[in-house]
Amino acid sequence: MLKKRIPFLNLSEDEENRLKHKIFDIIFETNTRIGKLFNIILLFLILASVGLVMLESIPSINARYHKTLVALEWMLTAIFTLEYLLRIYCTKKHWKYIFSFYGIIDLLAILPFFIGLIYPGSKFLSSIRILRLLRVFRIFGLTQFTRGRNVLVIALLQSREKIIAFLSFVLLIVVVIGSIMYMVERNHPESGFTSIPISIYWAIVTLTTVGYGDVAPVTTLGQFLASVVMIIGYGIIAVPTGIVTMEMNKAAKDDIPKNTEVCPHCADDYHLDGSKYCKTCGYKLNPHDKK
Amino acid sequence: MLKKRIPFLNLSEDEENRLKHKIFDIIFETNTRIGKLFNIILLFLILASVGLVMLESIPSINARYHKTLVALEWMLTAIFTLEYLLRIYCTKKHWKYIFSFYGIIDLLAILPFFIGLIYPGSKFLSSIRILRLLRVFRIFGLTQFTRGRNVLVIALLQSREKIIAFLSFVLLIVVVIGSIMYMVERNHPESGFTSIPISIYWAIVTLTTVGYGDVAPVTTLGQFLASVVMIIGYGIIAVPTGIVTMEMNKAAKDDIPKNTEVCPHCADDYHLDGSKYCKTCGYKLNPHDKK
Amino acid sequence: MLKKRIPFLNLSEDEENRLKHKIFDIIFETNTRIGKLFNIILLFLILASVGLVMLESIPSINARYHKTLVALEWMLTAIFTLEYLLRIYCTKKHWKYIFSFYGIIDLLAILPFFIGLIYPGSKFLSSIRILRLLRVFRIFGLTQFTRGRNVLVIALLQSREKIIAFLSFVLLIVVVIGSIMYMVERNHPESGFTSIPISIYWAIVTLTTVGYGDVAPVTTLGQFLASVVMIIGYGIIAVPTGIVTMEMNKAAKDDIPKNTEVCPHCADDYHLDGSKYCKTCGYKLNPHDKK
Amino acid sequence: MLKKRIPFLNLSEDEENRLKHKIFDIIFETNTRIGKLFNIILLFLILASVGLVMLESIPSINARYHKTLVALEWMLTAIFTLEYLLRIYCTKKHWKYIFSFYGIIDLLAILPFFIGLIYPGSKFLSSIRILRLLRVFRIFGLTQFTRGRNVLVIALLQSREKIIAFLSFVLLIVVVIGSIMYMVERNHPESGFTSIPISIYWAIVTLTTVGYGDVAPVTTLGQFLASVVMIIGYGIIAVPTGIVTMEMNKAAKDDIPKNTEVCPHCADDYHLDGSKYCKTCGYKLNPHDKK
């Protein structure tokens, strides 16, 4: 277990451990009062910062309040960055956290801003911060929410291979359909079939029944083929549904309630209810839990 | 049980109770001949008033018959208002009715008109009256209808948490997708991606496979990303279906026929067939029923 | 059992009965060689006549070959009319046939033409003749086809009440959604929300995820509401699927193969395999069947 | 079993047989190291050639690099042609291979190019080569992929008859709907309903919920009918899903893992795991397999 001292303030090891524990409880723990408070504040800060980015993207508003928006964004990013560093600091296995699902999201949440300093455009990616809500949701032990999600996740994972098979099949046929349509429509530029890639784009837009209409066949043959494509799409749109429904039924059965404790040692979450030790590293779970 | 006398006509308490009973039977009761008649008339009045609102909204027609339409609307609203007051009057627990599902709808059905006197636009909301048909449907004991509905309602309630989980997930990703697409397309105003909110709107329009085409990517990268989004949408559109289908199967099993009596005491409806007393307040059900 | 003689050629009753039998075998019977031949010819005549109507509807072609097309149409309609009369003549219970499902279709197939002589437009309805193929399909004992269809029909009938409940629910909400959107967008004519009926049309176009884009919100609020509507639609589009899937499972079980004999007496079709007598009128089935 | 000698190099029969075996192992075999290598190269060549065709279809790029692209295409097609001939040569039953599923695809992959020499347009069909990936996928024994696919294929085959029944039903109604809409909208050319075929195209675009909006009703009646069509479509879009889901459930049960050996004798693939002899011609399977 690697230890790292904060340079400037020099503490004895166990003073530091106590500090780490305190921080951990505040940031990660769901059962302590202060932990809950922290996460509620976090929730609002995240929403605020996403709102900021959106406002900035609206020309009229940005024109007016540019300075204010930027200032606020600086502030919020600063907070998130500090939080991120503390998260690293207080988890025992730093790297484990950094490369954990939430660790990566936490990083992605602040990165775009800094990249934005060099490539202005990318700052709009900051709204990726919204994904951090996933943790907050989980933390408030919206068990029914998480349980509902579990069923979905399990079902999707279960049907993974079938869906991949299905999608790769779809990809093959859209290429074929796209090429054929391009051949048919290429002499009518008004139809919008200006290249095979565009035609493939059209094929996807059509098969998925989105149908923007920015590209649409104009020749009789083209429209006939399009009709065939749609009828096919009509038939195969049923497939993913069938898959998921099937798996959903299975998943629904073995849907076990999870709790939302986080291992202070390896930052692993999702342990079975009432588990005393981390299922991954065997470290004792929330010793401060007063339940 | 609070009693209230009508001021102007002074009746003995049980005269008034008899009166209330009479009114109740006419307005709420489904089994008496006069009750049925009343509700049939009500049905047509509701349809008429909704038709009125629609006609008013058609410029050409409104220009011609404005006066007539307004007059008729005044009349119908007057009737509905009176009816509403009588409903309050004749139910024993006034507030119970007022805050019951149908009580609120009855209020919403007349409110827009009066608000419309101040803010003209809002009067078009009057067509919300159509929702009053729900009661009429129920009242005509279209049991098969109501039973059909029960299965749906149960299924939807059962899958509530899963659907919420699913929707909140969708909301998170549309924000992310929207921001990314905005970054890609923002330098091509003709694409319509003029701000992140608009891009999120596009993401929803696309994921749900509605695809208006008022906003559509024009850059190759944008169209490629859009294709990915559609393929994803193709995959996840299966999820809600899977959920509902699953629950529907369960719901179908425990689908018990309900009858449509209304408790004269607490205005609670949906009692099991042949129940003699209100399942909520134990009050005797339709004593006037001649079956 | 009413008898009718053909006026001009005077035959003894049983001569006539023999004649009727002969005609019946040709027109209705599926097992005699000549019956099959007749129906194959009929199949092509139907397709031809539908093709005709389509060609007539294409301005360029109609301009060129108007005379020919009209001539051919006269001819084909004459044939169909004659056939219709013969069908009436040779079935014992004339009215039973006339008001049977196929009897009505046979009439609808020729009616538009004659109406078209007065109101030119209506002649295009002649393409309704395509529905006559239903009989032909059945007649060629495409059992797998018919069986496949049976499952569908049964499933749809079974889920009838639920689907009605669902659709009437949809109808109520589109009215409400339409009115609200009209209120929001009415001051932006470019959005296309020019009246409540149009707004309801938009609501249906959106909820069903068709999304033409001919009417689309332009205000931020309007687009936000539209997004909500789509998300809702996303959720409830699952409902009919759930219903049908559920019923389909049941239907699949009790899916009994049917044969395609037609009762010469009451023109009732769909008898259980190997039935010797008409399930409706007890009349002996296809006595000419050489199996 | 027909033998054919290569004219120019004269080998004894069993020298030739040995040669054939060698080639067969390289081209068809999945278990030998060299076979794997060959197929990996093939994979990239296929992707490259499809990429080429796409690039050629993009005007700007084609203008610049036309010569290079054509040259590369010549080269790749030459390779594929040679490969095709070798495949014929080394399979014992030549015709069996030529008319096998993959044999036909292999031919279709090179044909467009040669046709393109006469009719330039058709060369874009070359991207049909992408279908050759199907074999490559299979060859790399992506069992989970293939198994996933099996379930789909089985389900679709199982539901074949029901889907045909459904589609033919859909075809009938789109003709009827199309004609009716044409009658209603034909006097408003701006709506785009310029002929019955176009109207049918519209009906399909609408029923499948694609909804381009290139053709859309403008009259009130037309929009009303369109709404009805959409509601219907809403109801029946559930049907194929129901069908597939149902079959999927069955298929999931009897989903047996397949292996991907190819019979050197009749080029039949898909044998049960661990089968020693070709299930079709009893020929010994992959004698070179070192497992």
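Letters A, B, C and D mark the chains as written, and numbering starts fresh at 1 in each.
The rule is short, and it goes like this: a contact is a pair of C-beta atoms (placed from the backbone, for glycine too) under 8 Å apart; a residue touches a chain by one contact, two chains touch by 3 or more.
Bear in mind the structure is a predicted one, so any value in this text is a computation, not a measurement.
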item: Equivalent interface positions on chain A and chain B, same or different at half; value: different
item: Copies chain B and chain C - rotation angle from C-alpha fit, nearest 5 degrees; value: 90
item: Which of B-D and A-D has more C-beta pairs touching across its chains; value: A-D
item: Geometric centre distance via CA averages, chain D-chain A, whole Å; value: 34
item: Rounded Å distance between chain B and chain D, as computed from the means of their C-alpha atoms; value: 48
item: Interface hub residues of chain C, defined as touching at least two other chains; value: 163, 197, 209-213, 237, 241-243, 245
item: Pairwise touch network: line, ring, star, complete, or other; value: complete
item: Complex interface listing, chain A residues touching chain D; value: 161-166, 168-169, 172, 175-176, 178-180, 182-183, 186, 194-197, 206, 209-213, 216, 220, 223-224, 226-227, 230-231, 233-235, 237-239, 241-243, 245-246
item: In the complex, chain D residues that touch chain A; value: 50, 53-54, 57-59, 121-122, 124-128, 130-131, 133-134, 137, 144-149, 151-152, 155-156, 163, 167, 170, 197-198, 200-201, 204-205, 207-214, 237, 240-245, 247-249, 252
item: Contact set on chain B toward chain D in their complex; value: 209-213, 241, 245
